[in-house]
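Same chain, two partners: chain A is paired with chain B first, then with chain C.
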Partner chain A sequence: MSFSLLTPEFIVERNDERCIRCQVCVRQCANLVHMYDQEEDRIVADDSKCVNCHRCVALCPTRALTIRRNPLEFKENANWTTSAIREIYKQAETGGILLTGMGNDRPYPVYWDHMLLNASQVTNPSIDPLREPMELKTMLGRKPEVLNVEDGKVKEKLPPQLKLEIPVMFSAMSFGSISFNTCQALAMAASEAGVMYNTGEGGLHKDLRKYGKNTIVQVASGRFGVDVDYLQAGAAIEIKIGQGAKPGIGGHLPGEKVMAEISQTRMIPIGSDAISPAPHHDIYSIEDLRQLIYSLKEATDYQKPVSVKIAAVHNVAAICSGIARAGADIIAIDGFRGGTGAAPLRIRDNVGIPIEFALAAVDTRLREEGIRNQVSLVCAGGIRNSADIIKAIALGADAVYIGQAALIAIGCHMCQKCYTGKCNWGIATQDPNLVKRLNPEIAARRLINLLHAWTHEMKEMLGGMGINAIESLKGNRLMLRGIGLTSRELDILGIKAAGE
Partner chain B sequence: MATIYARGMHYKDLNEMIKKLVKINEKEIILKNVQGQRYIGDGIQGEYRITIEGTPGNDMAAYMDGPTIIVHGNVQDATANTMNDGEVIVHGNSGDTLGYAMRGGEVYIKGSVGYRVGIHMKEYMNKKPVIVIGGKAGAFLGEYMAGGTIILLGLNAEDPQKMVGSHCGTGMHGGTIYSRLPIDSFKLGKEVMQIPADDNDMESVNIYIMKFCSYFGFDYDSVRDRRFWKIYPYNKRPYKNLYAY
Partner chain C sequence: MLRYEGKIRIPSGCAISGIMNKKGQPFPGDDIIKSIALMHDRSNGLGGGFAAYGIYPEYKDLYAIHMFYDHEGAKADVEMFLNQHFKIELSERIPTRKVSSIKNPPIIWRYFAFPRGDKLAEAGLDESEYVVRCVMRINSDFEGAFVVSSGKNMGAFKAVGYPEDVGDFYMLDTYRAYIWTAHGRFPTNTPGWWGGAHPFTLLDWSVVHNGEISSYDANRRWLEMFGYKCTLQTDTEAITYMFDLLIRRHRLPLEIALTAMAAPLWDEIERMEPEQQELMISIRAVYGSALINGPFSIILGCKNGIIALNDRIKLRPLTAATKGDFVFIASEESAIRTVCPRPDAVWTPMGGEPVIALLEGVEDI
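The block that comes next holds the complex of A and B.
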């Protein structure tokens, strides 16, 4: 057998004076890094297996462990970086497509960090949200051209709307890519916070049907778990066309993860690969998309808004104009930093465009065409905090999806190894011993805490701008100023430079 | 029995009428002069029968879960899309993507079908979808197929070369295609192999061939005049070795 040229990425450091040989680390690591040597009465580590997920570090009762990046370096080379060399070694050894998890980690500019928010000074008063009412409630769905009111009531029947207490939803993450306990935590948190979570394309587990009012059910090209009952179980239906982490690429849940519960939820046999083709093979045009949208509306008697999720790609504005005209009630745009349970590395790191540009371009285009009222825009892909949300809404979003941020809230450490199924935090795994590490109640509480904290922060930022309803911030790009951007970038974002 | 004259009607109104009839427990619905209205029988559940005279539009019987639809005419694209249960009997031809992601129930087409028929069909527990095609099929028959059975009779094509288009069974990782005539190997996807069907195989498809013959008035013995060919995937995990872990 030939030896591997891949040296360990990380080094496990153990303070032997602190180590009490309790072997918690040995039991906790699904990657089998730690081993107890009975003869020597000490614990040794195989660094090469470590993914730096901090599970052992966090659970070590004597804080004896730390993980460091392996200081071993190749000869300095600006072109042939360590990762460039390592990736070639790996492919030369396996002949396989490189996989990765979570969002694009390359040092592309983060445009949220190049936008600054406004605040009121002298000429208009700021508002203190602690003492004055502040409205974050958001309605997603098609809005009529005009609102005819008679006797204080809206005359026509409004198209179906999704009501959110705050403009934040949990992104589509399928049961399969994440564990049941994670799905349950998201459902519980969405339910308590009055927002939505999204099933992803893995179907809806029977035990989660009770959270239907706060569920968006997804229909993707593989149609896993899709039947009439599923379509009717949620508050809205989302057609998944694309995903920011892998635009133009299908999905593929390997057969070994398709165990009893997943088989039941996806409605496929145990052990069979769940392959989602790259396109929906009944959609080759906007007209075809319209057909799928209306087949879903017909199946649910026009009671539920239909969302269409696409990845942010070069022609996103024209595509979204088509989607709006095809009858979608909501368009979700997923930027190139969007997360994933598994994606080819080259696709994740090289395909798609930043959500900030995509969102601005789409909002501008829909306004220019006079059809912005026909759809709500949901922005996704790398939203990290409440300021990103406020900036997204000022750029033109109605609401945002958070996926990675939600998982970090419940313990994800961004090791990007979701595709191995060995998530030590019980999130991206189907191994029952790992899944049970995540307590759904505690995880839901952490998610609710995060949303509460963000709610307060968003209100503070709004109040500072002298705005008391999120609706007044929507597409209000005067509240943004660019910093460190070219004039072309400022044009596309539709914002002025700081100081202008 | 209730009859609806569909001429000039918008699909939304037509489907609303059908759903209303179903609600009052009507078991036999006849639609006359159907003129391309889409979504007929979309998402309907229960046990009843709809007979269509004319040409229904795209997505007929999509997500359907139980009822029977009989069409005296041709059907267009995406018939039986993600169908869960029930039966579709078409006294004519079908357009493209018939039975896309179909999970259960049976579809009988007297004539020929278009492209990508049975794409991503799947089976689950006691649900095993079946499509029987009397005539010819277009390219990509059974693409990504993950379960269920497609029976291709090729009754109007004694020339096997013209019985099915190219890329038959491409990406197939479950289920079986039975063909009355052998399919040229250059038309088969690399994921499948073709062997003569054995007695057990024939036993499993006889019932569907019998039903096909009785629905459309074919002579069973002349349809079952030879041993069929069986097309099935080499393995359930075609992409197992694609990735570097």
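The block that comes next holds the complex of A and C.
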């Protein structure tokens, strides 16, 4: 390899007094940073390969390791920042597009952090969730505008609904982009918590079919693993049009990762690249989408809600109105901070709009058109905690998808190197030695704990607002006040400023 | 600058009371004034009002449109609009008496009218929908004008002041009605606008309400999908429209509409028989945005009777009583006993459990 101008991004610091030469780090780092020098009885590190995933740090028994950002600095320059310069070096050396993993990490405003919640004082009592019932149960799916009741009975049955114990689901992550153990943990946690996980576009492994009641099966442009059994295996079907991290482009699972299990699940030959095209080649317009929605409904006897997932792009409100009219029961909108297993850096960091605006615009638009009942809205893309969820629901969402938060719960350290396939945490990898690091039972328990904790927090926030059922928060924008926002931003979000 | 109701949302506490004769025999307004006056301390002089049913027998087939005007210009504009859309049989000032504590009244007027046949046919709407749209138009598009009530053989009388003074001001002792409801208001902050007082009405629905609903914006934004304009930003207005939507437009049976507003808990639903369960799940799914959350007690009046309802965890007081042909409902038992010292039965309804009192011989609301 020729001489590289790239200096290490991180430096690995080892406290030699603490190091007992156990070589755990040597074995744990799939990036081969650590090496044992037998002659000198020392462990040395090649800093340049470190991605700062903390695996070695967390497993070092004597806490001898620290990873630091390399203090080496370029001459200060507001335009030519370190990353701007480094990216050019990389491209000049490789001639390739820059890849990355996980969601947009640029310092764009996080609008959740510019919205504050209300609480009751005097005129309206707050409700104590430890003493009073507090309901988070959520139903996703098309609702008729009017309920026809005759002699105390419903005349027409409700269209199929997804019943969630709490308004949170695990986002689409395919087997291929994540390991089997991760898929299994998500499935187990979803079924214990009474929510849904989503297969992503990678098909459904036969061993996970038993979690069908809590599974949303995805149909994406590559149609990997899609047959009628697959469609019938889940509780709902999701057509993936786009993804927040890479709106407008498809996916690519390199052939090396397509080993036996993935090949079987995706229904493609071993070792072949799994390329999902940018658009669905049978959907070039909204009418085409309608056809696919109804083909899927036909295939499943109108027993399952059909969701359509799109990336939050400029014209999202009009697009969602079209999707609702095309017959979707659920629309999932993925904001520009949505995660990914692999995406071109420039796309991830520059395409799409914040989910907060997209959600507000869509909810407003569907209400203006009087069709908000016809679909449920699920919002995704960078939801970090229970407060984000409560704010999303107050803006107009029915439920949220969490992806990155779920992976962090099971050990992801946001190193953003998922695309390398060398995830030291056993998540974004197919390497059997790495995959087995993730114990599905333990991971499922951590996910359930996370949902449990958030459930309590959401109940506390709801009770504080004097609300005891989540549906009374949906679209209840008076419960939000903006802080540090322009009046234009407030208008788009449809909320007042703090103090108003 | 202080802003009027409608420009700003104002929370308030309150007193409510209602009296009805089940045989439809009219009686004067003295008792309802006495009942609401007893709860004087539950209001603060910034709003009081009454709804009365059966007061205009001689015009019982005409819409009685009660109006407030801030100035003559508003009156002229609205009258032009009314003349275009209605045939007006009688237009007159609503009689009032001087009461020292009631200050700065607007122009208070009433019209007895029915929709013009040609306009109605042109609009292609049924009569009540036509009237509703006209009311919405006036309230949202005519500055300085406010429709106080618009039902047949009924009327709302309200003002800034204590309710007993409001009753005196409107000379309610001279009217006879078979249903009276009353309201005393305790707004936490208001420039004192007459339109903001209760009851709030639409067609012959009237609502008096005590509480501050925390689901307001969820309810409002849902109602607005069906063409309602919540110009006042009050809970009462939203609740009134909710009844109109669920019962008149969606034709839901009364109990179903009430269930939607104060739905059973999911835990209770889980224990129900399958058929009942399906019904409840459907109601909660379809009418989730109609669930009224937070503390409230309301009395809904209409030509066929009154209905009282509490929030589902009973965060506001509400007591009911019967005596002979009379039904009483009030925030406090004392407000019933002051006009009916020895009722046949007195009870405190459970949270979410409605009290439905209909005229004899009437099947549904």
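Throughout what follows, the second predicted complex is superposed on the first by the 497 of 500 C-alpha atoms of A that agree within 3 Å, B and C clash if a C-alpha of one lies under 4 Å from a C-alpha of the other, contacts with A are read in each partner's own complex, and residues count from 1 in each chain.
One rule holds in what follows: contacts are C-beta pairs under 8 Å (C-beta built on N, C-alpha and C of every residue); 3 or more make two chains touch, one makes a residue touch a chain.
Because the structure is a prediction, the values reported are computed rather than measured.
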item: Chain B versus chain C as contact partner of A:A324, first or second or both or neither; value: neither
item: Chain B versus chain C as contact partner of A:E298, first or second or both or neither; value: first
item: First, second, both or neither for A:G96, with chain B first and chain C second; value: first
item: Touching partner for A:V195 - first (chain B), second (chain C), both, neither; value: neither
item: Partner chain in contact with A:E471 - chain B first, chain C second, else both or neither; value: second
item: Which superposed partner A:E135 touches (first chain B, second chain C, both, neither); value: second
item: Touched partner set for A:L147, first chain B, second chain C, both or neither; value: second
item: Shared chain A surface residues [contacts with chain B and with chain C]; value: none
item: Residues of chain B defined as touching chain A within the complex; value: 11-12, 15, 19, 38-39, 42-43, 45, 58-59, 62-63, 65, 77-78, 81-82, 84, 97, 100-101, 103, 116, 119-120, 122-125, 127, 143-144, 146-147, 171, 173-174, 236-245
item: Partner chain B, residues of chain A touching it in the complex; value: 90-91, 93-99, 221-223, 226-228, 231, 252, 254-255, 263, 267-269, 271-273, 275, 277, 281-282, 291, 294-295, 298-301, 419-420
item: In the complex, chain A residues that touch chain C; value: 120, 122-125, 127, 132-133, 135, 137, 139, 141, 143-147, 149, 152-154, 157-158, 161, 367, 370, 372-373, 465-469, 471-479
item: Residue numbers on chain C that touch chain A, as the complex places them; value: 9, 11-13, 188, 211-212, 214-218, 221-222, 224-226, 250, 252-253, 256, 263, 265-267, 275, 278-279, 281-289, 291-295, 312-313, 315
